[in-house]
Every structure is written in structure tokens, then in C-alpha cells.
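One chain, chain A, appears in both complexes that follow, with chain B as partner in the first and chain C in the second.
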Partner chain A sequence: MILLAARNLTRHPLRNLLAVLGIAVAAALLLDMVMLAGGMERSFQRMLLSRGYQIRIAPKGTLPFDTEATLAGAASLSARLRADPRISAAGAVLGGALFAPAGDSLLPLAGLGVEPEGQGLYELDSGTDLGPGDTTGIVIGVSVAQVTGWRTGDTVRIIVGTDPQMARASSERRLVVRGVVHWLYAARGQRTVGIALPLMRALTRAAGDRASMIMVKVVRDEEVEAVASDIRSMAPGVEVNSVSTLVARFRTRLTYFRQLSLILGTISLFVGILLVTTLLTITVSERLGEIATLRAIGVSRSGIVRRVLAEGALLTLAGNAIGLLLGLVTARYLDGILTSFPGLPAAISFFVPEPAAVARAAAALLVAGGIAGAWPAWRAARAPIAATLREEAT
Partner chain B sequence: MSAATALLDARDLVKEFRMGERSVMALRGVSVAVRQGEYVGITGPSGSGKSTLLHILGGLDTPDSGAVSLEGVAFLGLTDSALTRLRLLKMGYVFQRFHLLPVLTALENIELPMAEAGVGRAERQARARDLLEYVGLSDRADHRATQLSGGEMQRVAIARALANRPTLLFADEPTGELDLSTGRQILELFRRLNQEGMTVVVVTHDEQLAQEASRTIHLIDGLIAPVPNPQSPIPAR
Partner chain C sequence: MVSLLCLLAIQESPAAPVAIEQRLARELQLRIGDTVRVRAEPGSPGLLMVVGAIYEPRSDPATVLRNEFHARFHLPDLADLLGAPDRIDRAGVSLRIGIDPDSAARRLDRLAVGFRVRPSAEIATESSRTFLVVSRFHRAIGVISIVASAIFLLCIMLLKVEERRLDAAVMRMIGIRRRTVFSALLLEACLVALIGAALGIGLASASTAVINAYYGHRFETDLRFSLLTPGIILFGAGLSLLLGVLAGGLAAARLVRTRPLVLWRRA
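So, the complex of A and B:
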């Protein structure tokens, strides 16, 4: 039956090729919309969990690094958290502006003071990590290495508290590049360096035991919400967000994206249905005489329905296969445009080609193909045999 | 003829076609009985109801009143799928315009009804090759329908009609689209089939074909009329 359907489609190769291309475009758009609808959220969640830290603690009323506000008593809170057997790691982070001399001017750097034993901000690409309480080491991002030419083992000058316009530094420190790292939350091209938290505090003259954020890694995922709740009770003056809370907030901000995706996806599905229905209706009309003959020689109504649906399924499958490739290519292209927005973490993607999303889009199109074939198939099966043969004979 | 001995029995068939305000009585109470092994020709002028009678006898259309039965099985009580099954297994059809599937080869066209009847691939291929040999087209097995001449297409259509070894073969103007000599080959094929025991019912304008029949039913205005003398003109309607 599939072979017969395939051969039938070769009767009008150009017409069917154009229809398949139309279905492919609809399939590509649907796939892109399905990837867009959930992709950014999944990508955000994946990014947040890339080092397994499920909880972020930030100053009250803020999101991590949303403002320049800092937490008081960060080191002691972080130490208390590390004492909890349910927590495998916790580390405070303090952001600050650092500079690197570059000829006559200064190169601004995003500095992060970390506790290396509990940091969830970077992964080491080469060299070694900072040691706990390291007062002479620095780790640099790839973009810093590219711009400055710094290599692991180099001794470099870091300037703090400066007025870039005047090129005047308030303090300077010579540090040894311990390694090159990949910053997980940095924007594309962002020049980020990391030093130990006490050194950052000393360099930026941050008052007291302050941090921008504390990251917490819980041993068992199912205990994350309970631990978050306990931290809220323990430190009511801070904002405690689990990754699921952050993702939920993010999802709220993405409502428009999802609605847009849903509308465009539905439209593309309807376009696909209309294309298949139109083509099969024309095909059935052209072949009514042939269908009446098949019925006359003993092919059942269900046999006719199966034959028409098989042609619809083949068209949809061919369109799906091309549409899948087209969708992935266009998603990559569109993702390149959208992720080039300044300030957006490089790890964020708008279109995530999840196998489940691809399967959902393909399944939706196949079901749509079945629906699209239903009317022409029913019409073919109900065609009056004798009347059709009479018309054919005249 | 007694209905009890008839293979195909049709009683008091009435069929009216409505065309807008107008209605045309195609059959006005026609009764026909066909015995096993008979070769029946149905003749008559255009619009006399020949094809309508054939369609009703073959279970392709239903009469407004009257009844048809094949081997004692009344069509009236059958569901569409049961009637379709009866057509598949007990009746063969040959049409004026052949109606082969153009995308299939001659062999595959013949296999089609057998596949529908659930005959296994090896058996249906063997049977289809035998049938092609029977109709004299062994060398055309792998040619697509579009690559065959009119006469060849009609012979493949006859082979297709015989695929499930039917009890009864219906043909509607089987030589209507063929030239004289090709038509003769088809006539010869029907004669041979009938001589081998196949019951054949043919609707035709072709006098030669009608003369081949062991019995002729002549229709005029939806009624059975006396068969006209070939020497005298066809009666005016």
C-alpha cells in the first residue's frame, strides 16, 4: 500500500514536490516554535544547574547580580551552610570592577571574588584553580586571554579603584595567572577574571563580611526546597531562590514568547493541514473513476481510506523530514541573531533542539497529516460507484 | 427459467434517476435470471437502461424496488462490506475504459484483487502470471499499464477480473474503445472463457459480440423487448 501510494505521488512530481516543500516550511516553522516555546527556559535551567548549585542567596528583594547590593555576614552564613550535612558545597561571590593596563589606557574587567572550594561560576579550561584564600593568584576567561595575551603562569598587573577617564589607579596588585577558565554565566565576549574572595574584599575595600551572592549545592535534589526553606528561616533578611523558583520567575517573563510561539506554531500546523487536504482533495477528484473501479472490483471502503491516508502520510513524512532539517538550520540562524543581544549570558539559547521537542513537533504534524487526509479519504470511500462509472463513460 | 436453478436472479427491478426537476425511468420492472455457464448479452439503444441493469446485477448500484440474488444470496440484506466482499470473490468486472492503475505493472494490476482478498504474495504472483499467459500477454508482465495498447489493457483488465476465480464475469461495452480486429480478439477471449464454464454477462452495442452470446436480453426504455431481427431496423423508441 505504501509502495502504491509512493508511486501515485510520482504521477504529478512537480505538484507533489511543491506541496512537500510547503509542508516542510510549515514543519520547520512548527519545530522552531516548539523549540522557542520551551527552549529558553530549559537553556536557562541547564545554565543555572551547570555546576550543580541549586540555590542562590542574594540581598533581600533582588535576584543574583540584579543590583550592586550586597549581603552582610556572607562568610559566616556560608560557613554555617557548609556545616549542614544536606549541603555539599556553599560559596560566596563578590563582584567588583577591576582593570588591566593596556598601553596608555586601562582595560575594564568584570572581577569576581570567589571561594574556590565552593564556587559554581566557572570551569577550568587549562592551568590550575585558585587555592582557598589564594592572595596572589587569578584565573582569567578566554576572552581576557585573547585581548591581553596573558598566559597561565604570567605575572600580571591588576588595578582597582580607578578612574578610567583619568587613567589613575588607587591601588595595584601583581597576580599570577593560575589558569584559564570558562565562565558559565558571562555574556559573549565579556572579560571576566576571578580571584579569591578575601583578596577581592581587600582590593575593593568592601566593608566587612559582604558578598553579592552565595551559591549552595544540596546533596539530594529532592531536598532542595526544604533546605531553601530552612535557609529562609535561618536568615530572614536574605532572598533565597532555588533554581526552580528562578526558572518559574523566568517563565513568567517569557509568557509573551510562549504565546507568540503557540500562535505561530498553530498557524503553521493549520497551513500544513490545508496543504495536505487541498492536495489530496484534488488527487481524489482526479481519480474518482479509478477509485470507483477499485470499489467495483472489491476494494473495501476502508481499503480506499487507507490508500488515501497513506498518500497523505507519505507527503507529511517527506515534508517532515525536510522540515526537520530546515527547522534546525533556521533555528541555529535565528538563535545566532537573538543571542547576540548585549549582556545576555553566552550559555543561553532561544532555540534548544531537544529530542522531545522535535518528536512533539513531528508527532503533531503526523497527526495533522492524518486529520488532513480524513476528509478526502472519506469522500473517496463514499463516492457512488455506478454514478461515477457512468460519468467516466460519458 | 426457474429462479431456483439460476445463478443470478433479478426480479422486478425498477430504477429511476432524478435530474433536477426531471426524472428518467431507467428500469421499469425488469426480471432477469442467468444460469451457470450462460453467456448473456444485454443490448439496446443508448439510454435504454443496459448499463444500469448491469450495475444493479453486479451489486454496484441498488434498485429503487425489486431484488437481486447471486447463488441465493440476496443483495438487499447485505452490508456494504459484505456486498464488496461478494463482488471481490464472486464477480469479475471488465469496463469499457479498462480502468487499470497506471502506476502499476500489468502483473501488479492483476494481483490487486487477490491482495485485497488476502492471497499470499507468492500465490498471487504465480496466479497473475498464469492469467497473463491465458490472455496472451506473458511478455508484458512488467510493463506499466500506460505502456500497453488498448487491446492489451483490456486483456489485462479481463485477467484482473478473473484473478479471484469469480463465478460470474460482467463486462460493460468491453470492445467500445477498441478497433475492429482488437475487438475480435476480446470476443474470442470471452468465447473461450464461456466455453471453459465461466458465466458471462456483457452489455454491448457491438452486434458481433451480441451474436456470440447464447442468449440476448434486449432493452428498450427500461423494459425487456423482443430481440430485433438483425435484418430489420431497430424499432423506434
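So, the complex of A and C:
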């Protein structure tokens, strides 16, 4: 059956080659859209859970680091959270602008004050980590090391705040580079440094026990929502975001891409169906005489249907195979474009090539191929034998 | 800058004015003259303010998806509320006519440390980077769609012209020149491409209207999410005509090169 279908397809190599190419491009676009639809969320979720922290506490009404707002009583809240046996780690983070001297100007740095005993923002690449309450140490990102040339063990000058009236730095501190770290949520090329939270508060003269965010790691994943709910009751003045809440908020902001992927995915499926249907309909029309002869010598209607469907399936399979490879290449290219969004964390991808996504796209196309072959197959099976043969003879 | 402020409608003595956007007024059922307590964070005493104006903010594509409420204050009132007197995020400078913004920005930048002076054009370029990325993405998707349509069109034209094998064979046998047969087939391809382009423009107009109506309603904005400009129509129609003629021409050339008897047999 398959061999016969393949032989029939080779009768018109050019048109079938074009059809396979058309299906391949449609399949590539479909795969890309399937990857785009789910990839962003999965990638975002993976990034949020990269250090196992499932809850982020931010100032009321905000998302973590979405505004410059800070929450009060942060260190005491994180200490209370650490006392909860269901919580394995909790740490407050305070963001602030720091500067490094660069010739006669200043290099702006994104500064993060962390509690090293409960931080989920970075992973150590080399050197040592900050100690709790470390007042002389700093950890730097790779991009900072590249721009400044700082290495582990170097003593560096950090400027905090500038006084426009006096045209000079308002305060300055010499710190020792403890290590080079990989910032999990930083944008590409973002120059981020980390110091201990008390030092950050002292340097930025942040009033009181304030922080931009608290990260919480719950021992058992199934208790995350219960812990989040308890924190909401304990501290009603803060915004408690579990990973699922954040993913839902992220999903709302990226509605456009999800809907675009749905529309373009549907169009590519439709184009694939249209192409296969048109081709098979014309092929069946051309071979009506041959089909009538087969029916006359005893081939059943279902046999004819199977042959036409097999041709459709072969075309779709061939297109699929090329299309899926093409889709992976174009996804890489399109991902390169979208991940250049300013400020987007480097760990986020829009097109995540996962076996499930590839399987879904391939299955959708195979079903589409079956649907596309249905009408021509029905037409072939219903062709009147005598009338068709008479018409062919004249 | 504070992204969210707590506004609670109360009946106390009037105070400093605040302007709130229409959507927020609708949400909290506030009217001009109402007194509200505005807090920078829950639990803080905040300030009593009176709704002095309700305004319709200019639609901004950069913030439409954030779905945030906005309120405007006199600078000292906001500074009081935030407990950050004499501090600002940014300041605008209007230059006299004839002054070059770039050189003025460079001069101001050298005056003191602690702030950065940038010409508005540079800020506009910087803040439109997001849209440039989206635009590049759309172009890339457009190119893929064009490749798919070109192959589809070529395939359809090939089938369409091949359907005319018998006609072409007869025409050639009764002495009609190859060129005439080719022209007839090409003309037919042009006609098909033109009808297809017209249908495509109709479909695009309808989908543009649906997209704008849907998103406009969803985000309560008058922003237009899909634009069908005369330039785009011309480009689309021109491209489909070009592809149609090219595909039809290739298929027709292939057909007229084949000997009439072979065509007859195949038909």
C-alpha cells in the first residue's frame, strides 16, 4: 500500500516536491508556534525555580523588582519565616544603584543586598560566597568582571550615591571581591554586583528594615500554596507571589505572543490541509479512469480510500520530517530576535524545543494530513464505475 | 516612581488635589470633589487628598499590557507621601529655539555628577527598542509566510496550468503559436493572482477590524493593534501578483516546451 502510494507520488515529481516543501514550511511555522505558545511559560517557571525558591514576597500591589517600592520590616519577616519548620530558607533582597570608578567617570552597577544564608539570586562560579553580615565583601557578575577587569581577591572601590551640588560621590567604600557569580535573573550584559544586606542598607542609607523582595524556599512543593496563604494572613501588607501566581501574571503580560502563536499555528495547519487537499483532489481527478478500472476488477471502496489516504499521509510525513528540522532552525533564529528584548532575563527563552512540543506539532500535522485526504478519498471511492470508464474510453 | 497607591474613599476634610485616570475613577466610583486617603504602602497613615481632576490618559503601547491605574500629584505632595523630599526621578528641560539638544545635553552632563542628561531623541530611541524587537520578529514571521505562500502559489499554478494540458495540446495542434499559448496561460495566472490578492485584501481588512475591536475592548484603549495601510495593501497585492505571474509563467513555459502529442497523451 505504502509502496504503491509512493510510486503514484513519483509520477509527478515536481508538483509533489513543491507540495512537500509547502507542507514543510507550514510544519516549521506550526512547530515554532507550538514552541512559542508554551515555551515562554515553561522557561519562566524553570528560571524562577532554578534555586528552588517557590515564593517571592514583594511590596503590596507590585511584582518583585517591578518598581522601586520597598517593603518594611523585611529582615524581621524573613527571620520569622525561617523559624517556620515548613520553610527551609528565606532571604531578603534590597536593590540599589552603585557605581564603580572608570577613569574620570562612573560605571553604573545594579547592586543587590542579599542575606547569603537565604539567597536565591545567584550561583557561585568561582571564589567564595559572601558570609552572613559580611561588611567588606562583594560578589560580581561575569559582565562586571569583563568590563572592570576585577578578579577574586581584588580590593575595589564602590561609590554609592552622588551629590550633584558638590559634584562628587556622596560615599565610597573599599570592598574585597569574594567571588564571581552567575546571576540567575539578570538581563544579558547587565552589570550586577552583590553585597550583604546590612552593608547595602548602610551604603544606600535606606531607612529602617526595608527590602525590595523576600525569597522563600518551602521544604515540600505540595505545601507551597498553604505556606503562601499563611504568609498572606501573617503579613497582609505584602504581596505574596508563588511561582504559579507569577507565571499567571507573566502569562497575562505575554498574551500577545500566545494569541499570535495560536493564530499563526492555525493558519499554517489550514495551509497544510489546503495544499494536500488541492493536490490530492487534482491527482484523483486525473486518475479517475484508473480508479474506476481498479473498482471494476474488484478493488473495494475502502481499498481505494486507503490508497488515497496513504498518499496524503506520505506527503504529510515527508513534509513533516523536513518541516520539523526547518522549524528547529527557524525557532533558534526567532528566539535570537525575541530574547534581545531590553531588560529580559538572559535565562528566558521564547522557543523551547521540547519533545512534547515536537510530538504535538507532528501529531497535529498528521491529523491534518488525514483530514486533508478525506475529501479526495471519498470522491475517489464514490466515482461511478461504468460512467467513468465510458467517459475515459471516449 | 510608585506604581500603586492605595486610594480609599472617605468623608473627611478636603486636602491637596489629585488627578486620577478615568478607568480608576470608574473602578472606585470616584467623582470630582471626593476626598480620598492616599497611601504609599498599606498601614501607613498616608495623605488626605481631593479628586481635583479625572483625565483620560494618552494610550501608551508600552504600558497597555500592564493594566495599571495611574494618578497624578503635585510634586511636593508626592514627595511628602513617599517621605522623599526634594527628590525626583527625572526632569525635562525645554531649550530655546536654535539650540542643539545634543550639545546642550553634553554641556549639562558635564556640570555635575549624580545625573545623566540625555536628548529626548536618544530616550525615544532607547524606549522604542522593545517595539523594534517586535517589529523584527514580525518581519521574520512575514518572510516565513511569504516563502510558504510562494511555494503554495507555485504548486497551485503548476496544477492549474497542468490541468490545461489538453487545451494546450489542441491549440498547438491546430497551429496556434507557442507564444500565444504561453500568453493565454500567463494571462490566466495573472487573473487568478489578482482575484486571490483581492480576496486576501478583503480578508486582511476584516481580520484587522476584528483584531482592533477585540484588543481595544480587552485593554480599554483606542490603540490600534493591527494597521492595514495603503503601502501594505500595495506590497501584498504587488507581491502576490508577482509571485502568481512568476509561478504561472514557469508552469506555462514548462507546458509549452512539451511536444503537443506528449501533452495529448498525458491529458
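Everything that follows uses one rule, which is that the second predicted complex is superposed on the first by the 389 of 394 C-alpha atoms of A that agree within 3 Å, B and C clash if a C-alpha of one lies under 4 Å from a C-alpha of the other, contacts with A are read in each partner's own complex, and residues count from 1 in each chain.
Keep this in mind: contacts are C-beta pairs under 8 Å (C-beta built on N, C-alpha and C of every residue); 3 or more make two chains touch, one makes a residue touch a chain.
These figures come from a predicted structure and were not determined experimentally.
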Handout entry: Fit or clash - chain C, chain B, common chain A
Key = fit
Handout entry: Included angle at chain A between vectors to chain C and chain B, based on C-alpha centres and rounded to the nearest 10 degrees
Key = 90
Exercise for the section: With the two complexes superposed on chain A, say which partner A:N8 touches: chain B (first), chain C (second), both, or neither. Expected result: first
Handout entry: Which superposed partner A:A79 touches (first chain B, second chain C, both, neither)
Key = neither
Practice task
Using the superposition on chain A described above, determine whether A:A28 touches chain B (first), chain C (second), both, or neither.
Solution key: second
Handout entry: First, second, both or neither for A:A102, with chain B first and chain C second
Key = neither
Practice task
Kindly classify A:R390 by the partners it touches after superposition: chain B alone (first), chain C alone (second), both, or neither?
Solution key: first
Problem - Dominant contact partner of chain A by residue count, chain C or chain B - result: C
Exercise for the section: Tell me which partner A:G289 touches in the superposition: chain B (first), chain C (second), both or neither. Expected result: first
Exercise for the section: Answer with first, second, both or neither: which of chain B and chain C does A:A248 touch in the superposed model? Expected result: neither
Problem - Which superposed partner A:L71 touches (first chain B, second chain C, both, neither) - result: second
Practice task
Quick one: minimum Cα-Cα distance, chain B versus chain C, in the superposed arrangement, integer Å.
Solution key: 13
Exercise for the section: Please give the residue numbers of chain B that touch chain A in the complex, ascending. Expected result: 51-52, 55, 58, 60-61, 80-81, 84-85, 87-89, 91-93, 95-97, 99, 101-104, 112-113, 116-117, 160-161, 164, 172-173
Completion exercise
Listed in rising order, chain C residues that touch chain A in their complex are 1-4, 6, 40-43, 65-67, 83, 111-115, 126, 129-130, 133, 136-137, 140-141, 144-145, 147-148, 151-152, 154-156, 158-159, 162-163
Problem - Touching residues (chain side chain A, partner chain B) in the complex - result: 4, 7-8, 10-11, 289-290, 293-303, 384-387, 389-390, 392-393
Problem - Of chain A, residues touching chain C in the complex - result: 14-15, 18-19, 21-22, 25-26, 28-29, 59-62, 66-69, 71-72, 106, 161-165, 167-169, 207, 236-237, 252-253, 255-256, 264, 268, 271, 274-275, 278-279, 282, 330, 333-334, 337-338, 340-342
